[in-house]
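In the two assemblies presented below, chain A is common to both, partnered first by chain B and then by chain C.
Take a look at the complex of A and B:
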């Protein structure tokens, strides 16, 4: 177990380093280079001077090392468009994304696991087919379109829920924020819900084929008890690892969902920064989001290994 | 019951047929997959013949006819510049579908190279390449896609490259598995002893065996690629105006949600339907080509 823990943590650290390298390389290779982005009308002499001042004429590895050393100290640089430290901007907006991502994940698990279990228990029945149809819809629906339809229905026509933002001006109460959270949560959860339902169903089906389930049935345990006491516990183990795989999509999807609903999180921040070519912000968000997802997946994997001792023995999750 | 029917009964319908033929017989009996195949055929043909089918040029503006509801003259109404929606939808299909297809072709190519290299080289190369494959799936890659397109420009070529470069992983796993399974087979050894290089063996001997799994993965990948393209275009980091893709049509329609909700509904529904049909087709192909998997 200890060896597995160390190896898995080392892998996560290497992955974060590789991600930082890719993020830096992308900006380094961008046509025109970062200095040109400041002012396209700059004369070549001014540009050269600017590059010199910003240290952009130094070799790649020197620049990368300096950037990496700064990040390690929590210094993500200055935003080009608003002249504020990127760290402060991200720190301000990250909690909003975490709220949205967490509520979506909770909703996805709360709906998908029961649906998947029921579908597996009533395999090939009408309920199973309805669940399959719903999840194929959930996988195919473009999040931004689904979001707009919900806004048209619930905000513009019915006027039940706000169309965007995180709170009404002058109001920041829990219920106000909760009302703003409903539609974005639903949109962000949809695709995850569909995938999680499918995985729960197939995990449950393979567990229901196991000998101990047959034994439970044979000794007269009721179907309900068999499914919830014996089968579900073991089916939940692979489901947990799927949740780890869904985290990247949860954060990536936040970019679209937050833009649709003007939710002030880091996804929306990244999209806006991309438009303004505010590269310190883009790199900062990409780094922070990747680090969070990688660490969260690490946590899920370690949890997974605790629950299922076969993992750390076999060595490969 | 007569004796003759008893004698005929046990022969299964697929006996004595080639694997492709058997797969087709299985596929044909899947109603949802057949429906998807027929509708996708129609959608793709409509996209190819858009210049013939579209009643107007896609960018022909008519300010007097802006934001019109569906009529005989404009079957799906007009947009905020008075452009005919049906025509734009048909031309948008050309871009959305071809970007999806091109991205998947690129992804299959990349996946075959990575998976083939990992499988043939083994050892440290294999573990590094497989760690990269896993790594690609465990970071929020979408942020890197928008970063790349913002920095390098959202041209059609870049969009295809970015989507392809982020969706080769399942093909790489399939090909690697197939290489490992075949590497020590006598026929591969025979080919090698005759002087065939790894690339030749990969493309001539291993890939043909992986086609069923690759086709399934690629079909599901087209749906994913179309979703990605439309998301990027919706954010304004994908297909740029005046070119119309389904995603950027929807982005424009956002501003007219109250007056003309249909404007936002139609392109989104086109994306939804096409992606859904590709996924159904992919599921159907999986059931037909590999009946043992669930």
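Take a look at the complex of A and C:
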């Protein structure tokens, strides 16, 4: 177990290094340059000076090495646009993304797992088809468009929920935040829900064909008990790995959802930073997000063992 | 000279919102509701496109908006009277040779940390920051002729220039905040590159002081009770970080925002909404189809004129701008009424003339309705930034207009930042492009139309215009100066360096209960007078 953990941690470190290199290269090659240098009023001399002061006129390898050396000491640098430490900004915005990501994941699991189970149990019936239709919709609908529709319906027409943001100015109580959380959660959960439902359904179907399920049924266990006690637990293993795979998507989706709803998370931060070519912020968010995703996939692997005793983390039978 | 299409590149929306000018008198407390007694308390909530920097030494709409409230400049601008008025400076005078300016400062001004504001702050800001080549200052080109500042006494400063500079008072009120010497005097040049000690808790002299910054959410500025123009009426100004324009619009409609600049296509959605009203605000801004005068076919003046005659500006204004703009013919806008010349060639649509000009230039009508010359077809690439509905519509109208005179136009859209970089490159590889300029309320346009000047993105050159513009920027006498610029506009219009499209207005939507907010030349100068804003109950 310990060896496994060490090996996985080592792999994760290499992976993060690779991600950082690729991200830095992409950022370096993107046309346009930092927004703060695009002020047309600025003389070419001042633009050059600013570039020099921020070390942006140096070759790629020098810039990357300097960034790497700083990050090794825990220094994520200074935002070009905001002139505050990247660490401070991320530290304040990351928890908001966690709140949104967690609530949508919980919502997605809470709805899709039962839906998938029912669809599998009533395979090819009208319920199954309805679920299939719903998940096609969930996969196909663009988040920004869906989000806008929800805002128009629930905020502007019905006036039930706030259009965006995380809290009312001067409020910020639990219920206030909860109200603000509803629409973005729904949008972010939608596409995940669709995928999760489909995976649960197919996993359930394959498990329901297994011998032990037939045995359970043969010995007269009720259908409900067969499905929930015997089949579901085994079907959950592949579903869990899908949830692990959904995490990167959750972060990607958060970028769009947070932008549409002005949710103050790191997704929105990343989008603006990309537009403004705020290199240190882009890199900071990329690092934090990839670290979280890699860590989460490690956790998922460990969880396998808890759910399915046949899987051993050490890789031995 | 301008803030142009502005720094923070991508805030296309905010770009529209221009520079502004101070509605110094008129606006006072009389809002649209008339003589109602002002109510104190409450907050004015406005959107910014991303986290603002509480650092006045960089551009970017979101930064400029917040810093406009936190800091004061020496001067401001009173648009209805076309006059520079005092901000931190109470009055000023210029020596007879036009080289020395003496500014008297208001008494009883204090910094947000309680320290008194004095001539030392002005001298420090100018000598140690604006004129320091080791510190980046985006507005430096506005002060190219400024050579130094000198303290006369606690409340008097002397500024010197190497040539007479009539535009100086305007420029001092244009994105040139005065900073606290008592904080920065111990800073090294390097410290200005990493100013976090200041950006975490900025100190200015403005009507509202720093309250709280929640990254991703908002910046909250709170009332400065010691403000030298009187205690502000509102409790707070809240700048909400909202990257998405549609989200801003939704919050405006639902009453969570008090103000935003809207796009013409959004006007209809506000019909019948009693919470908000729409104002057209003048702006010293014009839109154009930039032409690369150094690149064929636009190196031929006749071709540029023909392209100008073909564009249906009224169709653009009616079709893409909901009628809220005026046809443009010269680069000095009617906002500068003393200097604007409305008697220049305006290129009213005339397809016949356009055709004749192209014929003369050798571009004969060929097969398929496309003109050709020396076996080459008349093909133009028209660049426009992606994502702005209004500008994309304009591009389509222009494409269609040019087709009628035998031009095959390809529209190319792309990221704004990359677009700006290509536009500024010298020599530019852009052929034709849709963009705009917002300039300070002064007619000095030499940076844009002077041969080889930094912002001359059309690669335009006319020695006669160079002479007039150079004379104009040095002439103190108003009547003489006006004549020089009016003459220059005639020549520029004849040369058609670009296709002038329209003089834009800021279309702002504001809460119906907002009072004391009456920008006459864009919102930024109005933000500088935030102490007067209040909300009726």
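Everything below uses one rule, namely that the second predicted complex is superposed on the first by the 260 of 317 C-alpha atoms of A that agree within 3 Å, B and C clash if a C-alpha of one lies under 4 Å from a C-alpha of the other, contacts with A are read in each partner's own complex, and residues count from 1 in each chain.
The working rule: a contact is a pair of C-beta atoms (placed from the backbone, for glycine too) under 8 Å apart; a residue touches a chain by one contact, two chains touch by 3 or more.
In this text the structure is predicted, and so the values were computed from the model without any measurement.
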Touched partner set for A:152, first chain B, second chain C, both or neither: both
First, second, both or neither for A:113, with chain B first and chain C second: neither
Which of chain B and chain C A:208 touches, first, second, both or neither: neither
Contacts of A:140 with chain B and chain C, given as first, second, both or neither: first
Touched partner set for A:162, first chain B, second chain C, both or neither: second
Which of chain B and chain C A:231 touches, first, second, both or neither: neither
Chain B versus chain C as contact partner of A:259, first or second or both or neither: both
Chain B versus chain C as contact partner of A:297, first or second or both or neither: first
Which superposed partner A:86 touches (first chain B, second chain C, both, neither): neither
Footprint overlap on chain A, where chain B in one structure and chain C in the other make contact: 31, 148, 151-152, 156, 259, 271, 275, 277
In the complex, chain C residues that touch chain A: 1-10, 43, 45, 49-55, 58-60, 133-134, 136-142, 193-196, 199-200, 214-218, 238, 240-244, 246-248, 250-251, 253-254, 256, 415-418, 420-421, 424, 454-455
Parts of chain B lying in touch with chain A, wherever the complex brings them together: 131, 135, 137-144, 146-153, 223, 227, 230-231, 234-237, 247, 250, 254, 257-258, 261, 264-265, 267-269, 271-272, 275-276, 279-280, 283, 294
Chain A to chain B touching residues, read off their complex: 11, 15, 18-19, 22-23, 26-27, 30-31, 136-137, 139-146, 148-149, 151-152, 156, 202, 205, 244-245, 247-249, 251-253, 255-256, 259, 270-271, 274-275, 277, 279, 282-283, 285-286, 289-290, 293-294, 297
List of chain A residues in touch with chain C within their complex: 31-33, 35-36, 38-46, 49-50, 53-54, 78-79, 81-85, 88-89, 92-93, 96, 148, 151-152, 155-156, 159, 162-170, 259-266, 268-269, 271-272, 275-277
